[in-house]
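You will see chain A twice below: alongside chain B first, and alongside chain C after that.
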Partner chain A sequence: MAFVNLKNKEIQVKIVYYGPGRGGKTTNLEYIYQKFRNRINTEMVTVKTHGDRTLFFDFLPFDIGVINGYDVKIQLYTVPGQVKYNATRRLVLRGVDGIVFVADSMAVRREKNILSLKNLQENLSNYKKSIFRIPCVIQYNKVDLLEQGIPLLPTDILEKDLNSQLKRPSFQASALKGTNVVTTLKKIISMTVASIKRDLK
Partner chain B sequence: MVDKSKENQLDSEIAKRLDDLFGEGDPFSDEKKVVEPKQKAAKKNKPEKEMFSSTDEEILDLEEDTADETHDERVPDGSPLAELKQLVLSIDWEITEEALDEFLSQIDDLKAIYKNEKIIFMFLQLLGSLGVYIKTNRGNAHPRTFKILSSAFYSLEEVVLSKEMTEPEKKKLLNTEMDKYKQLRTQVSKKKAAKAGRQEAIATAKEGVARTQAFQKKRSAQPKAIEKVANKSLSPAEGAVQSYADLAEAVAELKKFIHSELNALKQELRILRKSK
Partner chain C sequence: MSYTLGQKQLDRIEDILKQDLIENGVRCVFLIDMAGNIIANLDNGEKQHDIYSLAALAAGNFGAVSAMAKIIGENEFSLLFHKGKKENIHFNKITTEFLLITIFGNDISLGFLRLKVADSVEQLKTILEPLLSL
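For the complex of A and B:
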């Protein structure tokens, strides 16, 4: 459940970008930050190892203004994708309101996507949350690699692997080029805010 | 009915707010690529856990059924390097035992194919050496290794795929990559030497400290009677000289340790400056 301050009429919405290692979660946030830093007027916090992999998490907070009388503050997080950092992932998921699952479209990453989605389900269940109920958007990232002749999974295969049960909105994207990064963000914010609104009733 | 209209109002309010924030700033947005979710109806009544675990079977079946088809569809030109390219990218994303093993075996296969083409063969040798280095050092491999691996691969690809490239041009590309590789090797060996120097210095210092401690312990544990006997053989002045000598030796060892530690740090700083 989102953090709601009734006195100050403020809602904090926590959205976590989840997915396999090197799938483009940090790149999504970096794109948003680079492109809109003047408008969102905030700082992105990021901690990386020397190999450019997220060690702990990335954090990008911003305010979307007053909606239905509440000042809505969005907090975007990423988790480290590497298998060994599961404790960190669980920690970042605490109090999550919405998920963007960033899948890697590369053919060689197929199994890793599936394992990561299962890991998300397990970690959410620790907080008594269901992957089937939490607002979630799936992003099939790295579509730009096709131009370079790299084998990608066709969307219908990705949908079957990752979304046949969940039936969530999904987008083909290139976080590196910015394709559908904002579309994904808009979708998850509107889904999550609507869900919080329903819970508040 | 009222609730529905309120929900719609909320939706449009959020959409408007998000458009204000991100509206014009997403020139790349391509709504056509949105994949609309299908209706949930078919499996709506199934329990959630059952639904998810049943996917596992579907996924396994799908993998078997579609793997070849997917590969055939996506490999653009049947280039002999296509698989190697995938593996290079895989290693760049994440270092796994599996990817490295496949990479090295792919290099061996290609070496057999190109055994009569000297330049290509040497490129493959270079890539193989980098692969072995990454496999041995994994996450501790020098950060430049991955850039050099990609760069060497793309040069190889250029050499293999470009039909118009002359032999001297190919050789030039190979030499450039070789130079990068040699530089990396020098950096790695310097780093190793600096590390070894530091370890040696630490070991010497530890030994010195242990000896000093042992000496002090021995002195304090020595019964007075024995001390008297011991001192009998040495005059008081000689005894004092002996303990001063031990102390001086310990101080000298500590000095040596500090000196070698500083040297190692200086060396590391030099390497860092050079690599920048």
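For the complex of A and C:
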């Protein structure tokens, strides 16, 4: 639910990074935070457990400048990926405008990806939103693990599992090394802003 | 779903918050929606807070408490109050979608603040309620 402030000429947009636990959602945000440190004038907020796992969410406000005379403020959130935290996951999705689904490319995580995507669909329907209509980008994370000899799922299998019906833009990425992190971010921002523009017409 | 507030409505909201709260000694007040977007924020000029982070955490916190309420069989807790040594935070829900947050020192009593917040909430409702039907 983007908010348009006609007085300050400002639009606030909420983008949520969703996906299975230990998939790299927080790492995506940490990379963005490091990369654009000079443009982000607040600290990244993170609510995590002692074991360094996301408990509630991470939050990173990000100013992308002026589009059509409006100052666009992007608010990036992550959800806790662990299955048991569904209640908090659902809270973070409230008022979401765009989603990045961070899938784990490791072969052993195949089922977790599929379950997490189903869970996203259920939680969105809770807010009367459809995964088929909301702007969404899929990221196949951890491609860097191939160098270490860890078995990864081939892209066509990932596409078949997660994107055969959705047909959304998808990127192979390494959140740790930064590969395609910014590409993913740019894509979701442009899709979300375009969707808000359509909404407001 | 996106929503828009115009100059007139935002001016009116700021007037209400200024007259009822800031002029009565509240340090900082902001109106947010449950997604964590900031609609209006005012302060008395003493301290600047990181309001974007505060808004995100406040919306999350309020959501978590509402979920707890449901588990124990309450429909909701419509207000929340956190007490600190020097600063206190008060949250008050306005309709289902908005939240009014005030930060105030120990020079204001909670009872007085609640009275003033209740006044503002009634006035803000008249502006915010029409947005819900959009």
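What we mean here is this: the second predicted complex is superposed on the first by the 201 of 201 C-alpha atoms of A that agree within 3 Å, B and C clash if a C-alpha of one lies under 4 Å from a C-alpha of the other, contacts with A are read in each partner's own complex, and residues count from 1 in each chain.
The criterion applied here is as follows: contacts are C-beta pairs under 8 Å (C-beta built on N, C-alpha and C of every residue); 3 or more make two chains touch, one makes a residue touch a chain.
Bear in mind the structure is a predicted one, so any value in this text is a computation, not a measurement.
Chemist: Please tell me, clash or fit, for chain B and chain C sharing chain A in the overlay.
Modeler: After superposition on chain A, which the two structures share, chain B sits beside chain C with no clash.
Chemist: Does the superposition put A:N86 against chain B (first), chain C (second), both, or neither?
Modeler: neither
Chemist: Does chain B (first) or chain C (second) touch A:G95, or do both, or does neither?
Modeler: second
Chemist: May I ask you to decide whether A:T46 touches chain B, chain C, both, or neither, giving the answer as first, second, both or neither?
Modeler: A:T46 contacts neither chain B nor chain C.
Chemist: Check the residue A:R110 against both partner chains and state whether it touches chain B (first), chain C (second), both, or neither.
Modeler: In the superposition, A:R110 contacts chain B only.
Chemist: Mind telling me which of the two, chain B or chain C, contacts the most residues of chain A?
Modeler: Counting contacted residues of chain A, the larger count belongs to B.
Chemist: On the A-aligned overlay, A:F56 touches which partner chain: chain B = first, chain C = second, or both, or neither?
Modeler: It touches chain C, and chain B stays clear.
Chemist: Based on the superposed arrangement, let me know which partner A:D199 touches: chain B (first), chain C (second), both, or neither?
Modeler: second
Chemist: Take the Cα centre of chain A as the vertex and report the angle out to the centres of chain B and chain C, nearest 10 degrees.
Modeler: 90
Chemist: With the two structures laid over each other on chain A, which partner does A:V4 touch: chain B (first), chain C (second), both, or neither?
Modeler: The second partner, chain C, only.
Chemist: Note down the smallest distance between any C-alpha of chain B and any C-alpha of chain C in the overlay, whole angstrom.
Modeler: So the smallest C-alpha gap separating chain B from chain C comes to 18 Å.
Chemist: Residues of chain A that sit at the chain B interface in one complex and at the chain C interface in the other, please.
Modeler: none
Chemist: Inside the complex, what are the residues of chain C that reach chain A?
Modeler: Residue list for chain C touching chain A: 1-7, 10-11, 33-39, 50, 52-53, 56-57, 59-60, 63-64, 67.
Chemist: Considering the complex alone, what residue numbers of chain A touch chain C?
Modeler: Chain A reaches chain C through residues 1-8, 12, 14, 42-43, 45, 47, 56-57, 59, 61, 73, 75, 77, 87-88, 91-92, 94-97, 196, 199-200.
Chemist: Can you list the residues on chain A that touch chain B in the complex?
Modeler: On the chain A side, the touching residues are 21-22, 35-36, 39-40, 50-51, 62, 64-65, 67-68, 72, 82, 104, 106-111, 114, 118, 121, 130-132, 140, 143, 146, 149-155, 157, 159-161, 163-165, 167-174, 177-183, 185-186, 189-190, 193-194, 197.
Chemist: Considering only the defined contacts, which chain B positions touch chain A in the complex?
Modeler: Its residues touching chain A are 7, 10-11, 13-15, 17-18, 20-22, 25-31, 33-40, 43, 48, 51-52, 54-55, 58-59, 62-63, 66, 70-71, 73-77, 79, 82, 85-86, 89-90, 92-94, 139, 143, 146.
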